[in-house]
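Next come two complexes, and both contain subunit A; in the first it sits with subunit B, in the second with subunit C.
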Partner chain A sequence: MEESLNRHSKISAADLERLSKEAKGEATPSSARIVWNEFKADKPAMVALVIIVAFILFVMIAALFIDTPKMMETDIMNYNAAPGTNGFILGADTGGRPIFQQLIVGARNSIGIAMGLTVISSTFGICWGLISGYFNGLIDWGMQRVYDFMMMLPMTMMIIVLVTIIKNYNAITLTLIFSVFYWEGTSRLIRSRTLSESEKDYVAAAKTSGTGNFKIIFSEIMPNISSLLIVDTTLSFAENIGVETGLSYLGFGLPMHTPSLGTLIANANDPNNITQYWWTWLPAALLIIILCLSISYVGQVVRRSADASQRQGAAD
Partner chain B sequence: MWKTILRRILIMIPEVIILSLLVFLLAKAMPGDPFTGSINPKADPAQLHHLMKMNGLYDPWYQQYWNWVVHLFHGDLGNSYQYQEPVTRLIGSRAVNTLWLAVFTTILTYCFALPMGMYAAKHEGKLPDSIIRIYTYVTYCIPFFVILIIGVWIFGYVLGWFPTTGSISATAGPGFSSAASRLYHILLPGILGALFGTVNVVQYLRSEVIDAKRSDYVRTARSKGVPSKDIYRHHIFRNSLLPIAAFAGYSITGLLNGSLFTETVFSYPGMGLLFINSISYRDYTVITALVLIYGILNLLGTLLSDIILSIVDPRIRIE
Partner chain C sequence: MSLVEIKNLKVHYPIRSGFFNRITDSVNAVDGISFNIEAGETYGLVGESGSGKSTTGKSVVGLEKVTSGSIMYKGKDITKKANRKSLDYNHDVQMIFQDSLSSLNPRKRIEDIIAEPLRNFEHLDKDSEKLRVLQLLDIVGLDADALYKYPHQFSGGQRQRIGVARAVATNPKLIIADEPVSALDLSVQAQVLNFMKKIQREFNISYLFISHDLGVVRHMCNNIAIMNNGRLVEIGTRDDIYNHPMHIYTKRLLAAIPETNVSQRAEHRAQRLAVEEVYREQQDKYYDKDGLAYPLVQITPTHSVALPEALAEQLKHEGEVQA
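Here is the complex of A and B:
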C-alpha cells in the first residue's frame, strides 16, 4: 500500500510519516479520551468517581466473605441490638440480624441488579431507537405504537403483578422483568437523535455506495452518537438503583431472605422500627441517596464532556 | 388540528383493548383463588367448587373475558372478594383520596416551580441559576420513596407536626372540620412531592423564558422603555403560561404512578394502597380494575398534555 502510494505520488516516506502524525494530532480525540480529560479537570467529579468505584469493589469483594444464610438466621438474644453492642457495628434488626453485614450484601445485590438492568434495558433501548429512527415509514410507525403502548402501562403495577405470577423468582428473573419495562426512555432519546443523524450526508453517502442498512446503523450511526449512549447509560444506572430498591421496599422485589437496600428500608414500615430503632433502616436510606447522587454526578460530568461547548478539560 | 386529536383518540382504542386483555390474562395467571384463603379448613370442598362455579371461575378464559367486558360496559366491575362490595363503589371512594392528593401536589408543585423557573431564567448563568439547577437536579436524582420515609420519620414521628397514617382523623366532625382534617393529612406528602418534583416545570419554564428574552417582541418592548418587571410579568410570563400548564397532565400521570409508594408510606387509603392490599389477597377483580384505570388515566393525562402543547407549540404538532 505504502509502496504503491510512493510510486504514484511525490510524497516521500518521511513526509508521509510526518503528515500522518500531524493528521492524528488534529483528529478529534476519542470519546473515552474526552471523558477522561473532563474528569482530570474536575476534581470533585474525580473524587466521586473514585468513591463509587472503590465502594462497588469493596461491596463486591466483602460480600464474598459473608455467609448470607448464616447472617440471615434469627438470633433472639440480640433482638434490635443497638449499634456498637455485642460486636454489632450498626446494630441488629428485629430478628437479631446484623445490619452492617446486611448492608454490604444488600448493596451488592441492589447494585448488581441495577447494573444488569442497565445493560439489558439500555442495549435493547438503543437497538430499538436506532432501528426505529433509521427506518422511517411503516417500521417506525409500528415501533412507535409499541412504544406508546408501553408508555401507557402503569409500570410499577405491571411489575408487581408479574412478580406475583412467577413462582420462585430470583435476581436474574427479577432483572429481566424490570428490563421489559425500562427501555422506553433510552429508546425515545436514541430515536430522536438517530432521526436527525440519518439525514446527514455520511449516511446518504453510505447508502449510495451500497452499504447494508444494518451496517450503516451499527457501524456508522452508532459510533457517531456514542457520547449520547455513554451519558444515557450512566444516568439510567443511577435511576435503576431506585427501581429495584423501590419495589423491594414495597415487598415485591428480592425475596425476604435475600437482603437488598430496599428490604432494609422496608424495616421502616414497622412503626416501632421507625420511631425507636433508626439503625434498622436509616443507613440503607442514606446509602441509596449517596449512591444515586454520586453516580448521577459522574453522569453529569460525562454529559458535559459530550457537549463540546461545556467542556472544562483541556482539548489535547 | 382536530384531525390530529381525532387520530390520537382513534389510536387509543386498540391500545385500551390490548391493555384490558393483557391485564385480564395476567390476573387470571396469578396463583391461588380468592376463596381458599377466606374459608376455614373444615369447609366442604364441594361447597367451594360450587362457589367457584357460581362466580364463573371454571369457564374458559375467553368466556370469562367476554363476560367481564360486557359487565364493564354496564359499569359493573364485579365484586371485591376481600371487601365484599362492588368494585366500582370501593374504587370510587379510594379514587377520590388519590385524586385529591395528586391535584394538591400538582398545585403545590407549580407554586414552587414557577417562581424558581422565572428566577433562574432572569439570572441566567449567574449564581441563583446554578443553585436552582443543582437543587432541581439533586431532588430529581434521589429515589422519591426514600425521601417520603425520611420525611415521615422527621416531620411525622420525631417532630410530630403531621399525621403519619390515614386520610382523615377519627375525631373530625362534619363540614369544615372534616375538610381541614383531610387537608392536614395530605399536607406532608403534598409538600414533599412538590419539593422533589419541580425539575420538569422549572427546566421547561426556564428555557421558554430564556427563548422569549431574546425574541423580537421583548426587544421592542424594551426599546419602548417598558420596565423590566412589567416585561417579565405581562409579556414573557403570560406567553409561557399555557405550555407550562400543559405539564399538569404529565405531572398527574407521574403522581398516579408514584401513588403506590406515597400511599404505602403514609398508609393513605387511596387506589395505590388498595392495589397493594388486593395483590396480597389475590383480589383479581380489584387488581384488573385498578391496572385498567391507571392505564386509561395515563393515556388521558398524556393526551391532555399533548393536545395543549400541540395547540400552543406548532413545532411539536404530530403530523
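Here is the complex of A and C:
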C-alpha cells in the first residue's frame, strides 16, 4: 500500500511538516475556546458562572477555618439573636448557633453531597443507558428489567428506612445511599438516544473499520450525545442539591449535629421562625434558589456550545 | 477462483406478534441469491428500493446477520464472526455509504475519521499515519487543510470523497459501494465516480456497486445483477443486460432511464407505455404464484435469467433466430 500510495500521490514524507502546519492554521477552534466564546456572548450566564465558582471556592475554603463541633454547641444566652448583634453577622438560631457559619459549613456539605451524588449516579446511569441501548436485544432486555425493578421501589421510603437502620452514617454513606436510587432517570434517557444513535451509518462505518464495541460506545456514540449528557448532568446537579435538602428538611438527611442547607431550611418548620426570626431560614432558601438558577444558566451555555446550530458566540 | 463467492444467501427478518410475541412470519429481504465477484472488476447490483440490494451489501461487509447461505472469501465462510476476525476481513473489505453526512462521525476530525481503519489494522507510528492520511486526501482531490476540520464543514461531494478515502485507507481488495452517489447532484456524481474509477485502476480494487441508477451502473460496471423482491431476476455482462434484456423487469427498468433528447419525447413516452403494458399483461408468466422470481436459468455462459424452463427455451430460441 505504501509504495502504491507514494507512486500515486505527490505528497511525500518531506512535505509532512509544512502540510500539518498549514492544516493547523485552518483548524477549527478547540472546544474550550468555543465554550468560552459562548460565555462571552451571554452575560447572565457569565455572571452565573462567576457566582458559582466564587461561591464554591469561598465555601470550600472558609469551611476549613470553622470549628464545626464548637460552632454547634448550644448557647442559651444568644437565643435567636438578631443579625448584627453580639457579632452574629446573620444572627443565631434557637440554639444560639451562628447562622452565617452554619450556612458556610452547610453549603459545603450540601454541595459536596450533590456533587458526589451527581458524579456517581450520572456516571453509572450514562454507562447503563449506553450499554443497554447499544447492544440491544437480550442484553437490553435484561438491563431494562433491572431498571424496572429499581423504579418500582418506593425511593423516599427506602432511603428513610436505610438511613434509620444504618447506625453511624455520615455525608459519604448518605451519598452512596442516594446514588443507589438516582441513576434510573438518566439511564433511560440515555438509552433512548443511544438506540437511535447506534442505527446511524457512522457506527456501521466504525464497525467495518474494525473498532471494538466499547470503543464505539464511549468514543463514537458518547461524544455525539454529549449535549444531552451535559444538560442532564447539570439539571440533575441542581436537582440533587434539592434531594439532600429535602430529606434533611424532613429530618432524615444528615444527622442533627452536621449543618446543611436542609437543616437550616428545616428551621422554617416552626411558625415562630417564619413570622419573627426570618434570618434562621431565609438565607439558606435564597442561596439554594440562586445556586440552582446559576447552574441551569451555565448548563444552557455548555449545551449551546456543544451544538453548532444553537451557538450565539462569535466564531472567533 | 473468484474473490468473493456468494452462495444461496438468505437474510430473513422475523415478524413477531401475538400475546407471547412469537415469530409468526418473516420478511425475506434477501431470498437465496448467488453470484461471484472477480478481482479488479466492478459488479453492479441493481434494483428498486426495498429489493434487498443494500441488505446484500451489508451482509457481504459483515454488518448484517445472515439467516443462511455462505459468503466465501479466501476459502472461508465469512458469515461467521470468528472467520471474519481470523482473516482480518474488514482490512480487505470496506464500505462506502450512501449518506455521506451520517456515515462520518460529526464529532471527529477528518484526520481521525480517515485514520480510524489504519489505527485498527495497521498500527503505524504518528508521523507515517499522518502522511498516509495526507496522501489519501490528495488522491481524492482534497487539500491538507481538511485535516483538522469537521465533516459539516464540507460539501456533499467532498464528504463522499472523504468516505472514499476512508474506505481505501487500508488498501482493501473489495469495496461495497452502497448507492455512493445517489444523494449527490449530477456534476458531483460524475466527479465522485471518476475518483472511484481512478482509484480502482491504481490500486486494483473490486467494487460491489449497489445502485438503482442504470445510467451510472452502465458507466461503472462490467457485470450486473438485477434484483427484485429479494431474488435475482437477471445476471449478465453489461452488453447482456443493456442490449439483450430477457426478463420483463429488466426491460421495465431500462425503459425507465430518462432520455434527454427532447425532440423524441413522444416516441420515448410511447415506448415506455408499451413496455408497461407488456409488463402488466405478462406478469404472471415471469413470476411464480407468490409473485416471486423463478430460479435462474442459464441462457449463454455469461447470461442467466429467472424464468420458467419452457419460457426460457422459447426466448432463447427467439434470440437465436434474431441473431
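One rule holds for everything that comes next: the second predicted complex is superposed on the first by the 280 of 316 C-alpha atoms of A that agree within 3 Å, B and C clash if a C-alpha of one lies under 4 Å from a C-alpha of the other, contacts with A are read in each partner's own complex, and residues count from 1 in each chain.
Following the convention adopted for this analysis, a residue touches a chain if its C-beta (ideal position, glycine included) is under 8 Å from a C-beta of that chain, and two chains touch if they have at least 3 such contacts.
As the structure is a prediction and not an experimental result, all values here were calculated from the model.
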Subunit B versus subunit C as contact partner of A:T94, first or second or both or neither: neither
Touched partner set for A:C292, first subunit B, second subunit C, both or neither: first
First (subunit B), second (subunit C), both or neither touched by A:D201: second
Contacts of A:M151 with subunit B and subunit C, given as first, second, both or neither: first
Touched partner set for A:T123, first subunit B, second subunit C, both or neither: neither
Subunit B versus subunit C as contact partner of A:L162, first or second or both or neither: first
Contacts of A:A238 with subunit B and subunit C, given as first, second, both or neither: first
Complex contact set, residues of subunit A against subunit C: 1-2, 4-13, 15-16, 19-20, 22-28, 200-202, 204-211, 220, 223-224, 226, 308
Complex contacts: residues of subunit A adjacent to subunit B: 145, 148-149, 151-158, 160-162, 164-165, 167, 238, 241-242, 245-246, 249-250, 252, 265, 268-269, 271, 274-275, 278, 281-282, 285, 288-289, 292-293, 296, 300
Complex interface listing, subunit B residues touching subunit A: 11, 15, 18-19, 26-27, 29-31, 137-138, 141-146, 149-150, 152-153, 157, 164, 256-257, 260-261, 264, 275-276, 279, 287, 290-291, 294-295, 298-299, 302
Partner subunit A, residues of subunit C touching it in the complex: 58, 61-63, 88, 90-91, 93-95, 97-99, 102-109, 116-117, 120-121, 127-128, 130-132, 134-136, 138-139, 144-150, 152-153, 163, 166, 170-171, 202-203
